[in-house]
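Working notes for the structure below.
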Amino acid sequence: MEFRNPQEPAETLSIRVRLFARYAEVVGRESFTFELPHPATVSDVVALMRARVPNGNLIPEQPLVAVNLQHVRADRPVHDGEELALLPPVAGG
Amino acid sequence: MEFRNPQEPAETLSIRVRLFARYAEVVGRESFTFELPHPATVSDVVALMRARVPNGNLIPEQPLVAVNLQHVRADRPVHDGEELALLPPVAGG
Amino acid sequence: MTGRSLLYSRRLPEGEVTFATRRPIDLPRLMECVAAESVGGTAVFVGTVRRGAEDGPVAGIEYSAYEEMLDAEFGLIVEEAASRWPQGRFAAQHRLGRVPAGEASIAVVAATPHRAEAMEACRYIIEEAKKRLPVWKKEIFDDGATEWRENPVKQADAERA
Amino acid sequence: MTGRSLLYSRRLPEGEVTFATRRPIDLPRLMECVAAESVGGTAVFVGTVRRGAEDGPVAGIEYSAYEEMLDAEFGLIVEEAASRWPQGRFAAQHRLGRVPAGEASIAVVAATPHRAEAMEACRYIIEEAKKRLPVWKKEIFDDGATEWRENPVKQADAERA
């Protein structure tokens, strides 16, 4: 029988991943939503995506990632409902 | 009786002095022509002008001078018929 | 809020010029934005799509962006410039979508009381923009072939995040 | 040849734009002059007459020059820039006569394949122009008073000649 403390975060995290430019092109889509067990980090989400999505392995193991419009580190914990943006090396200007 | 070698330069130099901006304003004219004995340097011409021209002493003893559109040093010899431009400190742009 | 940002001088009314634009860059308009009685020097940088690339004649470049983050990151860059050059007035645009060869993809304008700061601020903004803005480009060649182009990344920058 | 000079990129037809001008500076025209397929970066500096000077509100500045030497000296500066940045294309104008506050007195445009050189070349040209061009300015205040203004001269520069 499962006991769950209501103060604790959900056991399962729902994370949306957005892909841009070349990354979107290689996997043929601009976004995915993944469920994964709590706790998880940015790099866990990336690893899951690389394993699950066709051609996901063409995306680097440590891409630039932004959450809430800011760059984040690979070891940052992710929270339920967050959106991760995977950014290819930039090429503005 | 005077003997003069035709290969030698004229005994007297005729030099035109042009003045610009503040220098022209202080002496009230934009050009003068001076006669002075050969040999002479740029600084001899400036000294003559400072002595002869009303308010000439308000022009510095060593102003910037250009001949043939190029800056020259105060000890440069002057040649008959040359034009010396006396340039106040520049203020372009 | 895609492509609809304020930015530029903090003294300008919001929304006058948007940073991201799908139309040709309007440099005279950007220069009007920064004009002021206090301004003695205005420095501008304009980046243009070059026709002659390494792999053949380029017809144009298709620029795409993470637009919300583009606005946010450019806002940060302008804030940084404004704190380094408090009297500075700044305006910029980045064009998105297809930009034909010969046309401008980015313009940065920095105006300050004296000339040295204008040039330094302009350079700061363009260098940071090149490193940080989430913009990507795909070269389109005359024969229709395309190729993603990435700016050279220094290791130190890659590890910054 | 007063005010009628060639200059600019050595690749431009002579006489297209004169360096010294008594009309408002035409920046779009200068930028057209340097445009080319090879250009990836264009840097611009515009110097503007400031309204707020130390001694009161400035209505304008009266610029005068030794015009033949202005052309020659600016030609030298452009030659120097062309030898340092052989792929560079350069254009510039200096306005003479009375320039009202808020209007441009000088503009320098430098275009190169890549951005760093464009900004460096533009800066080289404007800094040399400020030090070397035989141009003088008289500030005209709102009350009609006037005052000659000279750029600060470093001793090393004064001794150069």
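Here the chain labels run A, B, C and D in written order, and each chain numbers its own residues starting at 1.
One rule holds for everything that comes next: a contact is a pair of C-beta atoms (placed from the backbone, for glycine too) under 8 Å apart; a residue touches a chain by one contact, two chains touch by 3 or more.
The model shown is predicted, which means the values in this text are computed figures rather than measured ones.
Enquirer: So if I look at the partners of chain B and the partners of chain D, which chains show up in both lists?
Expert: none
Enquirer: Give, as an integer number of Å, the spacing between the C-alpha centres of chain C and chain A.
Expert: Inter-chain centre distance comes to 28 Å.
Enquirer: At what distance in angstrom does the C-alpha mean of chain B lie from that of chain A?
Expert: Computed from C-alpha means, the inter-chain centre distance equals 79 Å.
Enquirer: Would you mind pulling out the distance in Å between where the CA atoms of chain C average out and where those of chain D do?
Expert: Distance between chain centres, rounded to whole Å: 25 Å.
Enquirer: Measure off the straight-line distance from the CA centroid of chain B to the CA centroid of chain C, and report it in whole Å.
Expert: Spacing between the chain centres: roughly 53 Å.
Enquirer: Taking each residue of chain C in turn, which ones touch at least two of the other chains?
Expert: 47, 115, 126, 130
Enquirer: Return the residues of chain A touching two or more other chains; collapse runs of consecutive numbers into ranges.
Expert: Only 93 qualify.
Enquirer: Can you name every chain pair that touches?
Expert: Pairs satisfying the touch definition: A-C, B-D, C-D.
Enquirer: Name, in rising order, each residue of chain D that touches chain C in their complex.
Expert: The contact residues of chain D facing chain C are 27-28, 31, 35, 37-52, 101-102, 113, 115, 118-119, 122-123, 126, 130.
Enquirer: Within the complex, which stretch of chain A touches chain C?
Expert: For chain A paired with chain C, touching residues are 18, 20-22, 25, 64-66, 69-73, 85, 87-93.
Enquirer: Sort out for me which residues of chain D touch chain B in the complex.
Expert: It comes out as residues 47, 63-66, 68-69, 72-73, 94, 105-106, 126, 129-138, 148-151, 153, 158, 160-161.
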